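Multiple structures are listed underneath, in structure tokens.
After this come two complexes, each holding chain A, first together with chain B and then together with chain C.
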Partner chain A sequence: MTRFLVKRLIGLFFILLGVTFITFILGYFAPGDPIKESMGDHFNPVLWQQLRHSYGFDLPWYQQYLAFLVRLSHFDLGTSFHPQQRAVWDILKDGVPISVELSLWGTIVMLMMGIPLGIITALKANTWIDTLSMGASLILYALPSFILAVFVQVLVLWIDKSGVGWPVSGWGTPWSYDWSNIQYKIVPILTYGLAGYAYYARLTRTTMLDVLRQDYVRTARAKGLHENIVIYRHALRNAVIPLITAIGLLLGLLVTGSFFIENIFSIPGIANITVAAVSQRNYPVIQATTIMVAIGVVVGNLFSDVLYGIVDPRIKSE
Partner chain B sequence: MGQVYKKKELLSLASIFCVLAILLSACGGASTSNGKSSNLAPASKQVLREPMVGGDFDSLDPALTASGLGDPYNLIFTGLVQADDHGIIHDQLAASHQISADGLTYTFKLRPGLKFSDGSKLDANDVAYSINRTIDPVTKSQVSNYLSLIKDYDKASAGKIPTLIGDSIIVKDPLTLEIVLSKPAAYFLQALNYSTSFTVNKKLVTEYGAKWVDHMQEGAGAGPFKVKSYNHNTGLVLVPNPNYYDSKPKLQEIDEIITGDRDSTFKSFKAGQFDVSPVPPADDPASENLPGYLESPALANRYMSLNYLVKPLDNIKVRQALDLALNKDLIANSIIGKTVTPSNHLIPNGIPGYNPNLTGPDGVKGTTGDQAKAKQLFQEGIKEEGYSSASQLPSITLSFSQSYKAGADTMAAVANEWKQILGFNVKLNGMQNTDLITQEFNTTGKNGPLQIWYGGWSADYLDPQDWTTLFFDKGASHNGVNYGQNKSAAAAAQQAVQVELEKADTTQDQAARLKLYQDAEQKLVNDVPFITMYQSSFVELINPKLQGYKLSSTGSMASSDWANVYFAQ
Partner chain C sequence: MGKDEKEFTATAPDTSILEIGCAPAPEILGLDTLDGPALAEDTPAEIAASHEGQGRSASPLQQQSSKKHPSPFGASMQQFRRDKRAMISLSVLIFLILLALFGPPIYQHIGAVYPSDLQGNIGPAVYHTYDHQELSKSSQGPSAQYPMGTDTLGEDMLARLMQGLLISLTVAFLVEVVDVGLGVTVGVLAGFYGGWIDTLLARFTDLIFAFPGLLFAILLSGIFGPTANDYFTRLPLIGPFLGNGNASLVIVSVALALVSWPMMARFVRGQTLQIRQQQFIEAARISGTRDIYIMYKHIVPNLFNIVIVTSTMNIAGTIIGEAGLSLLGLGVVHPGSSLGLMIADGMDNLDLHPWNTLFPTIILTVIVLAISFIGDGLRDAFDPRSRD
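Our next item is the complex of A and B:
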């Protein structure tokens, strides 16, 4: 196990090096630059040259990349261009907890809705319950999350015509759960869950149906085991393996997977900040979040691999 | 006797009530925008919730921000001078100022007893430090060029000399500051109104470096409000500054709350989360009859630039025809809607010197154009240039920024009108905004890369120089159209306009100066270096209980007006 983890961590280092190189080189050769973007219509060529020099943008690419790596090795992610001169670490420190909070609760809602619904529909396959719930899931799955989010927002405004003042934007204080904070958070979290649960419901249903047709399930039933034991101990445990892969990959997206929800509900999370950074050519922020997502995906995969071993000991021995 | 006593008692009671009533009205009464008296809501209700649309501030540092003409900068900080809502300059930290006869030296006498919001004293040394700090390349300001009139700015901003203090920013004594310019410029005080010259507390900058904006609650400035808290995710909370030199505000708190785009902000306003919100164009028709609806022209124009070094754009009749062929009302209203104002002006409404009587090219009034006259002028113009028909004209490219969708749609409509009315074909060329701006600078003195291009400008400061000399003077960095320095028949007349503009820039008599700009503007509009399409506007809905709130052309209020804003009961 230790060898496996060490191997993966070495792999992570090279993946990160590759990711930093690709994001840096793309940023370097992309047309325009963050200073010019920031100056907009009031661009001044003399001042621009002076600022390029101050930021070291007039150096050759390899010198800039080396300087970037040296800073990175000291955990210095540089400073942002919008907001100006704010440490990227500070931006991450503010934005990541919000995005993680939204995605985590959203994912919990997603799984709490998706997995039980998948199990129920698999057990009631081809009945009206199955048809109705899978039909509803399909519609929600087909709806882009930004449409769903706007719809929910309009719905809240319509319900709140009496003027209780239920907020339709903002996030309140991260990881705080008094009533005023819950008011901010509950609608985006439920929207997040609603937009994504259908995938897990369908995945669970398909894998459960597969497993329920296996010989060992028939054997379990034949030897007279209680149906709950058959389903939850024998069938679900095997059906959950593809789910673990999907959930593992979700970890990588915890940080940036909620862009539309953050954007529409004006939540100052890192997904929103990253997309704004792309349009502003705010490369230090783009590089930092890309590295973070890369770490998230690799760690998520690692997490899945470790979980496989726990759920199915045969995999560990392999 | 008893009767008399009772009468006296009643009279004295009545007089006590009268005195009380006068005292109460003096303490709490205020005048609403419609002039009727109205009661102040209790102090706990005097909290204004404003949205900060689009996310965090680009920077709260007044030396860095590209939004330094309004709040929150003019709430937290003060400068030597300030503009009122008509753009007229008044002294602020300065008690008075004097300009030398040659127009090069400005001497400011500061008010005595000035203090930062933490109670520490503010004098000429702090003002000098703040202006010099903006220019210092270490600060990395993208807007330091607002101070480029100061002598040796170029050397200091390039790091060739360590400081301007003692050179062109001279502290004569703690209450006297002298600023020396590199050339006479009557608009210098307007440039000083921008936040780059606002006074910051050196103690905070020295202690916290670039992170000082996260410590502003420790006494950042000397404005009418001080920072109570600043969070990059939630926004800024301001409370009255007890050490402010002028009238204290009635508002007890201003929350500048960070929010998303205009649409989601407007929804939040409807849900009661804000007291003020910009109105998205789609919601404008449904909002204009609601109480609290405010609109104001914004100091931003959209226009096409015509390069004088490109044939046949060097012919005045062709240029006038291109302008008059366009029904700007139709194009602007069908693409953008009522929230912009079709215009022929170079100097927008809201800038001192705006000329309401300006006519379009060839004396045409209004903004619907004159298509018959356009056809006639175009035919005459191309014949003068040696072409028998529009089909013989060389290929002309109309460039625009792809990132602005309404702009791209507007250019498609313009190209269509030119084709339909004049038979004039242009090649549409959408490009990155930054590339368009770079190419504009590269076009100076050349017949390309840009030929006709669509751009925009918003005010640096509230002065006509920023809309005329900056674009059309000889050697001006923004003169991409090559006005004056070309081989067209109008070149000599254009050079005379350039001289007129230079004279206006240095004339200290404000009335005479504005007249010069108006005269030059009319000549420029007749010559059509730009085809102005429209002036933008601000449209807001405010909580009807909010009194004294003004929407001015800067999109914000003058610092002195904030004292009159309050919530009525």
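Our next item is the complex of A and C:
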């Protein structure tokens, strides 16, 4: 296990190095001069030179990259172009809690919907419940989150035509849950869950069906165990293994999925910060968010691998 | 009922992904690829004999039996044709493609002459174009002049929808050309030779998997999009087609192709590894066939199944990706049209004119579902594992 972990951690380091290199080089070769643009009409060659120097743009690329890495290793994400000289951390710190909150609750909703539905449909395989639920998840699985978000928003507006003025954009205060905040949060969170649950429902159903066909389940039934014990203790435990890995693997999808949900519902999270930064060519912010997302995905993958080894000890020996 | 069950068992995750030590996140690209047939443990002769190219390489026994029964390829096609959902989806898709290609020229000949704000009286050749603005007629409902109404700038919704459809399909096509070309080339080389190509591919896919594909596409099109727009508009021959805000579709295609080909390469590599061990390759080698000829004549034709299934699945992801980028304002921009851009444009007036958003969303839903269902049908028909 230790060897495996060390190996994976080394691999992770190189992957992150690659990610930082890609983000750096994209920013380096990008057309346009962000400093000139941010100065706009007040262009002043002397100030321009000073700013270039203070951002380190007058150095050759490898020195810039090295300096970038050194700053990163001190968790210093640099200063933003737009607004000028504001620390990148300062810009991100408003958005990150919101995005984390959305993904966290969204994932919980997703699992709470997907796994029970998968179990139910597996137990009721080939009945109308199964057909109906799997038909729905087949469609939801194929559709991207932003299509669902649009439909949900239209639906909310339509239901609420003469009513209380349910908000369909914005987020409220992060991590506080009084009624007006819940009003903001519940629709995006449910949409998030709806966009992702189908994958889990389908996966749970498949693995459950596989496990239910195993001999030991028949044995458990044959010796007269209660059906609940057979299902929840014998079958579900084994069916849960692929689900655990899937959670880690899906992280990347979740991140981009929440990008669109944040955009459609105008939630001021990390996605909107990134998109705004991209259109303003605010490279320090772009680099910071990209690296953060990549770290999240890589760590998620590692986490699911480790968890996989814990749940299924056979993996460890390999 | 039995068929229904088959579809979903095909999504069982393949743990052999982890055993081989590949980066374990195909889902990141938004593809349904965990169940990719590449890593199937069984290598039935069906794979080997799945295409016309198999004639010389298949065993005599199979050649004999293929006279009585349809060839494996024919059998797969037969099964695909029996799949009602896939066939309906295919006809919908063909209709949409025809609509995108031939709809606009026909549409520009339909309609009476109407007065315009600035140009006097204009015919359908003017007001039925996707970029003609008629500000006094903005946000209208359906009328004789505009069958599907107008958007907030007074542009014809139907013309914009057809143009957006064309953009979606063009991007899907461009991306798929690169995806298949690059993916098959690198995949076959990596699988056939192993060595440094294989290592490089593995590292590169690891990197791409760690980098959510769409985020990379966002970066690339956000940073290079505006410049590309200026650049392509100035080009002599293709400028008129690519200008008008459509230039970013090239950037978007490049970005989406860059993040999608490693997946294809990895699947092709897995399949090549299996085919390479088969006896007909050995026989070809012993008889002194050159490597390049073995790859081109014996391996590539046998990759048909996996390539067709993977690329169909990928097309859905590409169309979603293009719409998503345009939705974020990083893809096609005004006065060009794209389904994603139309959705974004309509979002501001969702409470007053929901149809401006709903029309493109519905079209996008239909096209994505159709392609996914065709992909499912192809997988059921061409993936030997899911066949009885």
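Here is the rule we go by: the second predicted complex is superposed on the first by the 249 of 318 C-alpha atoms of A that agree within 3 Å, B and C clash if a C-alpha of one lies under 4 Å from a C-alpha of the other, contacts with A are read in each partner's own complex, and residues count from 1 in each chain.
Heads up, the rule we're going with is that a residue touches a chain if its C-beta (ideal position, glycine included) is under 8 Å from a C-beta of that chain, and two chains touch if they have at least 3 such contacts.
Model, not experiment: these values are computed from the prediction.
Comparing chain C and chain B on the residues of chain A they touch gives the larger count to C.
Contact with chain C, but none with chain B, is seen for A:134 once the two complexes are overlaid on the shared chain. Residue contacts after overlaying the shared chain place A:152 against neither chain B nor chain C. Residue contacts after overlaying the shared chain place A:292 against neither chain B nor chain C.
In the superposition on chain A, contact is made by A:44 with chain B only, not with chain C. Of the two partner chains, chain B is the only one touched by A:95; chain C is not. Shared-chain residue A:239: touches no atom of chain B or chain C. When the shared chain is aligned, no partner comes close enough to touch A:110: not chain B, not chain C. Judged by the touch definition given at the top, the superposed model places A:263 against both chain B and chain C. Looking at chain A, you'll find residues 31-32, 153-154, 157, 168, 263-264 touch chain B in one structure and chain C in the other. Per the touch definition, chain A reaches chain B in the complex via residues 31-33, 35-47, 50-51, 54-55, 79, 82-87, 90-91, 94-95, 98, 153-154, 156-157, 160, 163, 165-171, 173-174, 263-266, 268, 272-273, 276. Within the complex, the chain B residues that touch chain A are 55-59, 61, 64-66, 137, 140, 142-145, 154, 157-158, 210-211, 231-234, 257-261, 264-265, 267-268, 270-273, 432-435, 437-438, 441, 455-458, 460, 477.
Chain C meets chain A in the complex at residues 1, 4-5, 8-9, 11-13, 15, 18-19, 23-28, 30, 32, 203, 206-207, 209-216, 218-220, 222-224, 226-227, 316, 320, 323-324, 327-330, 343, 347, 350-351, 354, 357-358, 361, 364-365, 368-369, 372-373. Contacts from chain A toward chain C in the complex involve residues 11, 14-16, 18-19, 22-23, 26-27, 30-32, 125-126, 130-131, 134, 139, 141-144, 146-147, 150-151, 153-154, 157-158, 168, 199, 202-203, 205-207, 209-210, 242, 245-246, 249-253, 255-256, 259-260, 263-264, 274-275, 278-279, 281, 286, 290, 293-294, 297-298, 301, 304-305, 308, 315, 318.
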